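Down below are the structures I want you to see.
Each of the next two complexes has chain A plus one more chain, namely chain B in the first and chain C in the second.
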Partner chain A sequence: MLYRRAGIRHTSYRHERMLWPLPFDRYLVGTIAAFLIVAPFLIDRLYLVAYLLPWLIWSMAALGLNLLMGGAGQIHLGYGAVMAIGAYSSVHLVRAGVPFEIAMIAGGLASAMIGVIFGFAALRVKTLYLAMSTLAMQYIVDFVIAHVPAISGGTQATIQVPPVRFLGLRIEGDIATYYFALAVCTVVTLFMLNVHRTGFGRALAAVREKDYAAEVIGVSTFKYKLLAFWTSSFIGGVVGAVLVVCYLRSVSPDQFHIDLSVQIVAMVIVGGLGSVLGSFFGAALILFTPIVLNNLVASIAAGAGLSLSSDLRAHIPLMLYGALIVGFLVLEPLGLAKIYDNVRNYFLVWPFRYARK
Partner chain B sequence: MNAHVPPVRFVTSWPTRPDGVPATLIAALARNAHESADRVAFRERDYGIWQERTWREVFAETLALAAAFQSIGLGPGQALTVIGDNRMRLYLSMIAATALRAFPSPVFPDVPPEELTHYTRYGEPRIAVAEDQEQVDKLLELRERTGRPHRIVYDDPRGLSGYPDDVIVSYDEMLLRGRALLAAKPALATDLVSHATAEDIAVLMHSSGTTGAPKGVPLRHRNVIGGVLNARAGGVIDEHEDYYAYLPAAWVGDFMFSLAAAVLLRFTVNIPERQETVLRDLREAAPTWYLAAPRAWDNMLTRVQVGIEDSTRAKRALFKYFVPRAIEIERRRLAGTPPSVVERLLMFAGEILVFGPVKDYLGVSLVRHAFTGGEAIGEDTFLFFRALGVNLRQIYGQTESCALTAAQADGAVTLHAIGNPLPGVEVRIDDKGEILIKSSSVIDGYFDDPEASGKALADGWLHTGDAGYFENGGDLVVLGRVSEVVHTAAGERYIPNYIENRIKFSPYIRNVAVLGAGRAGLCAIACIDHEAVGHWAEDEGISFASYAELSQRPQVYDLTASVLRHVNELLPQHLRVRRFVNLHKDFDADDGEITRTRKLRRNVIEERYASLIDALYSGARTVEQDARIVYESGETGTIRRTLSIREVG
Partner chain C sequence: MNVDRRTFIASTAATMLTGTTVTTWAQDRIVKIGMPMDFTRVYTFVTAEYAQGHRDYLTLINDRGGAGGYKILADITDHGNDIPRAIEAYERMKREGAVLIDPLSTPVARALVPRALEDKINMVTTLSGRSDAADGEAFPYVMPLSPNYWTQAGLLIDYFRQQDKDLRGKKIVLVHIDTPFGKEPIPIFQALAGKLGYSLQTFPYAPPGNDQAAIWPQVRRAQPDWIIFWGAGVGQTVALSEAVRNGLKMDRISSSVWLSESDMDVVGKDACKGVIKFEAAAGGRDPKVIQQILSEVVGKGKGAGQEAKVGTSYYNIGVMMAAIAAEGVRKAAEKAPNGPVTGPWLNAGIRSISDFTAEGMLPGITVTSQDHQGGGKGRIARWDGAKFAPQTDWFTANQDLVWSEIKKYSEEFKKSGK
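Coming up: the complex of A and B.
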């Protein structure tokens, strides 16, 4: 009904590989992009800062992890630690007077260097064992950051982020930080959209499907597993830097604990492994459902005149939240992206049941 | 790729007619290359990609080809056999031949080798262009038998590496040669454009030849160009259509639209990848002008219906809500009642929810002019596509008139008439009821066949062999072949086939014989469709054990009567079917009542059912009928039945 396909003819192979060949998809992407660009002038400042900004940042983190988990099939329970490395590195560099442009990239590089070490574990072990190894890394990094005063300034310390400039523009206030996050997010998204279509992306897919089969057809698993960790960690480091500069404005060890890692893994899985769109869906669900449910439970309780104990009021949304995630995954194990895909297919083949010759 | 383009730029003039229209096809091509150089001329799907060629590239390639053809001996008055599916290179070969005052003679690609002799009889074709190995093999076989063609140019080299080099030459090789010739002699390009005249033959078609060998139909440049201009004036085609070239290239319509109209009116011609992918590629091509035979439209309708039956409940419900209503509205619109405001709103919603997506699926969503021709189209199919919003119209023509005689005008569409004669076409009905045509698109005579020419073109009118009549306001109704005309006792002229086909458009009637030759009025022997009526009976709760029993149920008689009543409405008063009988068995080829191709054998039926036919005209209510049955083992037996006879009412 919504999708029209007659007259889409590819006049070159390059044309055939375009991201969104269907006009409706292009309109949709265009509309969302336009909305994100004018959002600061359209919506309330509170929503901008409390919803859109974290959504963009967490989506970026989910995208970075998705490259590793969905793209290369390597589980990683220490992504929070990777982000911490990027965050601390870039903040220290900025405080040392290094321009933020360089500090951000350097933060990414630092994450990538250390992140690759996680990858060495992946060369030897898989699945649950890899999960355990990366979890161990998470704790090691946490411990090191907290116990080396040169990094954290002490277990309880919080380091303020000094005012920064990016390409001459001051990143401060709500609007500038939002646009900065949006810009970085766009770059990461474009990278992720295109990586599947490169030799690198295809090599990762081969490793994901079966690493020794990949080796047999000439894809070096050694190289590509490490490269996957390297790239994913680089994105994680950059996102860590963006997170502290745009959103947290200060950095302390407890911000990057296992909770953050698990949260991002949840985003990737609920959103859909390997899906760019899924990362955005997953981030939105994991971030906002608790808030929405909280408000919902509170307003229903108030409306119905029920006096809930504060314990109950805190726990009902959490129970619902858990049930919702389980529900989505039972409904569609491949995540929210797959649900979207099903809906899209329903309209794509309208008025028939399936695509017909 | 563009190395060969420069000499083409020197061509800035071409032969024109007094009214400024290019006089020949090569002249039109030269004009396009000059005036619309960068417009896409051909879009051919190859390896999944629509390869685009501009008019300048096409012109350059055609000139190179013409130069190469000249160098291997193609000269004025010679035929060039062209055999293969729709391919740009074959089309360009055809134009190249006309530039040398030779003429292409396209042959259906599925013609068996032994029949190829018929199609290469005229014009002594010494050179042939073949699409691939299959066609080259056929031509080589022909060459062994008849000594011709001397040279075979092939497009697709696959499988041809071990073939004799002195006979076959590749299209690519020809192009290289031609480009070299053009580069060596820049004046050649201008020469090649100005050789041909409007009086030259542009193409040699072959009439269908149901009896005996096919006749050669030479269409001259002035016929072809006249036909295109008539069609344009009649609103059949516009300039810059997106055209889909999938019909057999040896059929006159394909030459007229894919080549003549395409060059004159600067179409973009889309060519599908293969015959097997025609339907799928149609969606990608999304033409603005589309012609298909009634059977092709029927197949499209079936595809949609099968898909809908298979669809989800909600989507099916939407389809079944909107489509019957749209068909009803369209039926009334054709009868002259415009839709009300509410109906328009309903149709608007339908367009978004159902019609638009279905058209998009079929690939006809951008079609501005859709046509059906060749034979009568079923009412269901015709109304379905019109209800969807496809501007489906009927067109009528014959090989001898460049396929362009009459067409329905926008907004003057009816089911049974095929519309007004095109501007520039005179149509007359002679006293035998035969349709006669005079137009600039009509040929002067058959190729090398003065006897046939004298018969078909006596006194300057083309005798089509079709019977027809004019209806209110000059709408031409085509009934069928004159040879099929039958007279009733009162001398009324009718064609049983015409009425029978219309009755058979109903899914419930599988076979029917309309009787009346030399009798008072028309009667019918109907054979119900076992499957369709069986389904219907199940839905209606009517019990039956066999075909014979089902056919004699009063409710089934009502059903048949309603079908006949509906057809009667479209017929003149005196040609209506008055009485009918439901036969207890279907006409069967094993019983000799129909041929294997499902054509009625009237004499067998008249003889075998003589008593039944007498009863139909005697006014009896029932009749006893002995039926002879041939079992599949070869034994024969008889069945005695009592059949009822009903008035149509």
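Coming up: the complex of A and C.
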């Protein structure tokens, strides 16, 4: 009923290759896009700066990693380090007087170059072994940042981000930072939506399914594995730059530790490997469930007049959070995106269930 | 209180309906402070003990009618040392009218500095955060209100000098966690080495420091006259047990402020008899304030946690910070009795605290618009097998050196971000 397929006729190849052939999907995407555009004027400031903004940024990071993990089937446990390289390179360049437009891209390129070096491991090893080699990247980058005062900023190890301009607009305050993140997120999302339909995306899929089979049919695994690392790291670097400029406003090494890498891997897995929508769902779940549960437990405790110890109050949400993640993965191992897909499939033919093949 | 399922569901529904408002008092004269802290990731028991002391002191003050006529309402929540969670908590508390934020975490404090300065919200960085925030001119709204790590380093070395009369030719070893935090005091130790003539040797261990087995035999081989270990959380406990295992002389081993009775329980109370640490507030149950808390708060069943924790080091640091905040509120109310309660209102109060001792629990703390460290006084305490016994009176030392370091970095901060 909702997702009506009746009356859709393709009259050209272009039309047939539309991203969202169903009108309902288009309306849904349009509504969400419209909401995101007017959000700064609709919702409370708190939800803008503390929820929507980080959600956009972390979703971008999850998208970048999803290209590598879901698209090319290569695991990466050092994505936080990739973002750190982008963040530090771009901030240092901006401090040196380079315009942010260039610094952001340069941050991406720096991440891409270093990311590819560690990507070479992927040519020889797979799965858990690759996980270990990328983990090594995380620790090496952490170590280098913390031990080179020229990078970390000396004893205090915190660098303030100078005010930046992008194409003449000052990126500061709540609204400009939000729109900037939204713009970059739109670009990354469009890229990710389309990459599956390009030769590059199909080559990655071939590599993901079986790398030597890909080689047999003429897809160079050497080239495409490295390209996958390159592209994914480039996105990671750009996201790192956006993260520090729009959200953190200062850079210090502990913002990019293994915790961040694991967080993003969790977003990709909980959201759904290879799914664009899943990256957004995963980012929302991993980022906000602890916060929402924490506030909920607090208000329930306050409302019921319970005097919980601070310690217990802090741990109850964590237990619920763990249970929730396990629950979601047991319910649908393919991730949150698949849960949405199940609902959508149900409504595709509702109320004529027998019409499903 | 007994909660059955019905009350639980009913109250859940009720709070859902009324929204997420926290308990509010009938009166208007309230100062809200926000304490997003890390109960679950890195600082864990440190935070629990600190928050307990903080809450108990506020209960004491509020039951007596508040500070300067204002009741102080603390909203304590967990941020798990995670920056997005901390920023969400900060923004939410700011919206609810908090005028003081106490994150008790160095990474979070560093990340919140730009926001606190911009929003004019006082951010307390107790024995954590940026050391150069002691410079009140560069960081008007960042309030360490406690001796920073450079001061602690300076005081420890001065204590060694007092003990040995002359440090010329002595060897001092620093065992530290290999992070920016662990390396922070090194410039002070080096500068003092040049001045006092001792030699300094440093041994970094990999974070988080739960394996230091390779380091401590090297420390023993170096035959140091004094040993300082510098870390946080589990690294401290491990360092101390490795020192015991290597048979080092306990009365020549010292630590920054982050060592407590809980560490001693783990390592063995007798095994580490003699260990020295820096103290920012008097420990134990002797201080008058702690006695008052015991009789008026804990004794009446209003305590925020286990009674056994009352008087432990971190509990008392929590009391110390609550007392300083309350004194700030009292001073602010003296200056402008009718508020309005804002960040700048409280800021003016905190910055006019002078010679505040919390009835003998603290060294005289004086905060000015230049000095947010509060004077940089502390004392040295020694573990005697049951408690940390003070070895010195409150004193301060090497502040010229500390302040040149503070100025160096605060100048850099002022220049950056522009």
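The rule is short, and it goes like this: the second predicted complex is superposed on the first by the 351 of 357 C-alpha atoms of A that agree within 3 Å, B and C clash if a C-alpha of one lies under 4 Å from a C-alpha of the other, contacts with A are read in each partner's own complex, and residues count from 1 in each chain.
By definition in this document, a residue touches a chain if its C-beta (ideal position, glycine included) is under 8 Å from a C-beta of that chain, and two chains touch if they have at least 3 such contacts.
In this text, all values refer to a predicted model and were calculated from it rather than measured experimentally.
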item: Simultaneous placement of chain C and chain B on chain A, clash or fit; value: fit
item: Which superposed partner A:Glu16 touches (first chain B, second chain C, both, neither); value: first
item: Contacts of A:Gly115 with chain B and chain C, given as first, second, both or neither; value: neither
item: Partner chain(s) touched by A:Gly335 [first = chain B, second = chain C, both, neither]; value: neither
item: Contacts of A:Gly107 with chain B and chain C, given as first, second, both or neither; value: neither
item: Per-residue touch tally on chain A - higher for chain B or for chain C; value: C
item: Chain A as apex of chain B and chain C, Cα-centre angle in degrees (nearest 10); value: 150
item: Which superposed partner A:Trp350 touches (first chain B, second chain C, both, neither); value: first
item: First, second, both or neither for A:Gly73, with chain B first and chain C second; value: neither
item: First (chain B), second (chain C), both or neither touched by A:Gly237; value: neither
item: Smallest separation in angstrom, by C-alpha atoms, between chain B and chain C in the superposition; value: 29
item: Chain C-touching residues of chain A, taken from the complex the two chains share; value: 44-46, 49-51, 54, 58, 95, 146, 152, 154-163, 247-250, 252-255, 259, 287, 290-291, 294-296, 298-300, 302-307, 309-311, 313-315, 317-318
item: Of chain B, residues touching chain A in the complex; value: 43, 45, 48-52, 270, 279-280, 283-286, 303, 307-308, 310-312, 315-316, 318-319, 352-354, 356-366
item: Chain A residues within the chain B interface of the complex; value: 1, 4-13, 16, 346, 350-353, 356-357
item: Chain A contact footprint on chain C (complex, rising order); value: 1, 3, 7-8, 11-12, 14-15, 18, 20-23, 39-40, 47-48, 51-52, 55, 76-78, 80, 82-85, 87-89, 91-92, 95, 106-107, 110-111, 113-115, 130-132, 178-180, 183-184, 187, 304-305, 409, 412-413, 416-418
